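One chain, chain A, appears in both complexes that follow, with chain B as partner in the first and chain C in the second.
The block that comes next holds the complex of A and B.
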């Protein structure tokens, strides 16, 4: 955490251009809870900030003051709030988006976002700014760079989803009564997901983003034929699984799109089955089936997620024989392949047996 | 259950209590970023002492008295209603004597701080005679947005599921839900549900353990008021349970998102969500304790992962997880007494007797 200011920066108390302000020190009781032993620089800047807020001044020097506080404490939400209001007061009434003040602010935020990647306020301020600049495309490029530093950062991904949802989603921002939807923003998204997954096929944030783009926020141009899209997405996930079978993100993606489209899990059974058994226990077809890529020679089998998937398929089919197949799978997961979830697999066995008894009674 | 939990070391209760007491007495300048959430940090410290059962024996009553007084000083009144501020970070010295003065737009109460203040005061067994209840209801109304979500402070664009939970928890404590529009809030929760079965922090966001707890607890809190038994379908419930259980990591801990490393705080978030969903028996409590044992920091406190340094947040949530999922005595062996806890109320995230105190004393008394 950066709490220092550069040594050559004098305190506000010693600056002639701040002489007209009488600083207001923070009030603390004699016995405060968890007091912070502030640095002189922080005490100095926040004392001047309290005075500025009281006077209501909104001038360029306030931007300097709030920047100093934010650099020392990026979670100081009052400093952010006042900074934003000061910015609004300083912006011209026309051509806001091309104002030099706003451009400088965006550049500063590019720097601070990298410094304080995990601070909520940095991202909220950014959302306010892009609502003024109305340049979401630039932001998508910025995020791409940001994710190079931290490929799973939650704030960064959330910001990307917010941008697309706000500028290019259903019910996107309305300007002068006209819905202002920028469908072009979506164009690069699937390639972007591809590039993220190429770096790390287990990046769940990227898989989530793919679901959001394809299924979660309207229908993309060219994607109107949903059956074709489902087929495309299943092949995409299967191919990725064939490269790295024990990847819960990819399996969750398959489960997610099957549920979303009300498609029974059994349509993926032919693919999943060879992954659910030890090598040699199951003979894969000789003919290369592009829709159902088999495990590679080096794949670690059986794959826990495939075992779970097949058990779900069999449980859904019902009947004594299928249920027992599922139970066998769960037993193997509980006792050998996924022991941390032993209690869960035993729970699944109990539920399936109860359901089977119910089926028998009805029959 | 698993080999890793066969020999549990001691849970260093005294050292963890000492860590929290140190933080309450003062924080170094390197923690200046806590300035805008000091009250929450205070809650994690006081809460840890409460869970450890060491609050009364280790903290003199005069000091507890001072803490209560400080907490009440953070209650502020104004045009958006009443609630608690994170700290006096925006309160000026020279204005301090004007107790009745209303807050400015830059010194308003904060909804997360308000939730943690009420719990902290409950732990300290305050009678809540100073609580401005009508003002608090007004404050909740000021924070709810058109989409059903709640902002951290009135008028801010910072809003996500965390604040919604705080609004629901406060309504539950007050036993008065007139400060929130429940149906619109519940619709917002639904937009945060993901294809994995967990909930993201906001609409369209990735499933995350903390916000999944928030969603599940919020729906359950609403049920206690509306009487609507279940806001989730059976399939939705099963999918959420599956996702939560999937986050139970081989290390014994829980991870917060699919494919990430285990982190002590998710032992609480995921564990409490499972408990609320009636699936607490699916957690491997012995393995969980063994993971948290390894997260203990040698100078006291519990860290997010083995080898990291501790902080009050991870300390509190680890102890809260253990309060729900203590290891079996035979696994803890000779160290069993150090792993014993009083039961926890997973909905409010407090010891059961503290939650009971809060639910008796926070509501408006019948005249």
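The block that comes next holds the complex of A and C.
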């Protein structure tokens, strides 16, 4: 498995160990529109690849060829697919997990992932490999490093969630009827999320991961008291909001966990209210309430997310007075504080008025 | 182009009429009550992080594309320069850095011909034939299309190839349509199906809702939808909705690594956060599956209210020129004008917003939730230039995708059920099993191709005189 770049290697057309193969042109009989101006190396490698696919050969030299293509075009999904099929063909029938071929493949992937972080295929290939190696812990470490370079990489985060769900969740692997759960994989996961949010409290991928860990994939050891967990999570979110109130990620998290647990939004109303007003318009308490941290000196008020939240609180409470409070808030959003969403806020007003009319009819 | 939405059920049903209008840009920019021309930057609360720094940099770049105060010229779609770009790609070809798109040749072709379509420029028969011939070289003997000749079949290039044929192809010899191997394609689709209702995008490849959208669109156009094919798929899509309201790429499989289905209730959390591209694909798939959902035993549901909330919040503020972002706390980008902006049209098909919100007497005659004027301004001012902030870290092909998406959105329209059209079509329709498409194709291209594959005659559409909703 060569680590040299394609530039250092002779073309496949000039290699003696490939002279038994007749390369296949891409477009044989037609003169296609919109051609791509390939490099000589790429044209050469892919012409040999087409020939190999046609013959169905699954040998070690195919690993060389597909690696060459992948380095030149990491999005060449057919090369990845064929490489995986070749690996499967070359692996022993027993004790697959400790095969040196597999180990070498994992090391190669460690190198390539750094180069091609944003490519689907590089991450998916890791998923295929870990399904064979059954070594998720090392993957968690790898993912952590990946996120240091690219804190919001979609493939990386979703791979982490898949890994935890598949090896450590209730939906864990079942081999020969025996569940292969490793709940220890969850240990340190909340700390990991904390560290990512400490780096950037606005990292929505991290907030989403927190939701997955706490609420989305079964119950963690020690978290069986769900009321306590909710309280803990609400305080966590509130503290982060007090640091930077206009952070939709934190507000979406609060809304999400309240909905998930069927808890009314009003439970957080006392906290949200000061954030929904301009500084000085709302008298804050003298005593610091650790469970309801107020806005800091540098917070820009009113906070649009808090205004929206309070309107939702009042709308849910219902009745004429509360509905009109909500309408006032939406009007303020529509005309002054969140004008880009004017039509949406007007929609909310219409819906609330309709509901009120409906309530009156029933009454 | 705009999304064409057609609801369906077992018996032949609704067709939507697309109300194609090119919105003229109106002068004036933001409704800034203070009267200042510079819009307010996003708040940082005295607590900067990488996200807020990146956001502030982007806002600086976008500000440069604001019109000068007092400028009278309206932004215009630079049709000529877009055409030159497209023609150059088609005739001269793509430079070596497009090697990264070698497995996406159908996409390069689709974006190009679709953009021609949006710009209302026709291709001559000889070039159409060359395109057809190239597309057919991508068909895989095992069914479906690959990213190039000899490449493995894959759901995404299959969509792009079939949609390209919808635009340039025709029935009969060498026309492309009748050379599509439908039987093999159906077998290919089934071979990708997973126990949880999802589909791999290709053998040994990833599961995600993009693939499902591509499969459903193609299956609908080519009359390949069956209950067997889509069993469990709607439930899978529903499982991809996150707490934020948008959709993720996929959900945790409810079958184990070794294969067997896990005992219920196995959690199926979404994998990855709510994302504009995946949300469009999930929502479009949901619309395409309506007839099956309505008739299914389990009747999966999605949270439309929360989805709407998330979608409207994906629109950037005035300082972001009203463009759309793809995820919470990320940057606006032209392509999301299509994925998120386009999703509003899909929501209307499901009865959320737009002219269907007509129970209330407070409904203005309007064009829906997304602030379309602002969105058009974003695209025309910022999207037509090299936008540094969104160009970084993006693959090369993105520029063509973005151009295509932006052009589609400028030709904004609204989609709603037209009873007149429905009546016309019901009268003309011969009963048969069928479902109908939701595509990124013109109504004409969709109807004509679907008519061919369903063996139907579509009646001519009678043009109404005068506009129905006041927009020029």
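As a convention for this text, the second predicted complex is superposed on the first by the 352 of 363 C-alpha atoms of A that agree within 3 Å, B and C clash if a C-alpha of one lies under 4 Å from a C-alpha of the other, contacts with A are read in each partner's own complex, and residues count from 1 in each chain.
Definition applied: contacts are C-beta pairs under 8 Å (C-beta built on N, C-alpha and C of every residue); 3 or more make two chains touch, one makes a residue touch a chain.
As the structure is a computational prediction, the values presented were derived from the model and not from experiment.
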Room on chain A for both chain B and chain C (clash or fit):
clash
If touched residues of chain A are counted for chain B and for chain C, the larger one:
C
Which of chain B and chain C A:151 touches, first, second, both or neither
second
Who does A:27 touch here: chain B (first), chain C (second), both, or neither?
both
Can A:244 be said to touch chain B (first), chain C (second), both, or neither?
second
Scan A:296 for contacts with chain B and chain C and give back first, second, both or neither.
second
Is A:124 in contact with chain B, with chain C, with both, or with neither (first, second, both, neither)?
both
For the superposed three-chain arrangement, which chain C stretch in 55-63, 73-81 or 253-261 runs into chain B?
73-81
Considering only the contact definition stated at the top, list the common interface residues of chain A for chain B and chain C.
24, 26-27, 31-39, 42, 46, 50, 53-54, 72-78, 81-82, 120, 124, 127-128, 152, 154, 157-158, 161-162, 165, 202-205, 207-208, 211-212, 215-217, 247-249, 252-253, 255-257, 259-260, 339-344, 347
Residue set of chain A touching chain C in the complex reads 24, 26-27, 30-39, 42, 46, 49-50, 53-54, 72-78, 81-82, 84-85, 118, 120, 124, 127-128, 131, 151-152, 154, 157-158, 161-162, 165-166, 169-176, 180, 199-205, 207-208, 211-212, 215-218, 243-249, 252-253, 255-257, 259-260, 296-300, 303, 335-336, 338-344, 346-347, 349-351, 353-354
Residue positions on chain B within touch of chain A in the complex are 1-2, 23-39, 41-42, 45, 63, 66-67, 69-71, 73, 87-96, 104-107, 152-153, 156-158, 194-196, 200-208, 239, 242-243, 245-246, 248-250, 252, 257-260, 279, 281-284, 287
If we count contacts the way the header does, which residues on chain C are in touch with chain A in the complex?
30-33, 42-47, 49-52, 89-91, 93-96, 98-105, 108-109, 112, 127, 130-131, 133-134, 137, 146-152, 154, 202-206, 242-244, 248-250, 252-254, 256-258, 260, 262, 266-275, 306, 308, 312-313, 315-318, 322, 327-330, 353, 357, 359-360, 362-364, 366, 368-369, 371, 374, 393, 395
What residues of chain A sit close enough to touch chain B in their complex?
1, 3, 24-29, 31-39, 42, 46, 50-51, 53-54, 72-78, 81-82, 119-121, 124, 127-128, 152, 154, 157-158, 161-162, 165, 202-205, 207-209, 211-212, 215-217, 247-249, 252-253, 255-257, 259-260, 339-344, 347
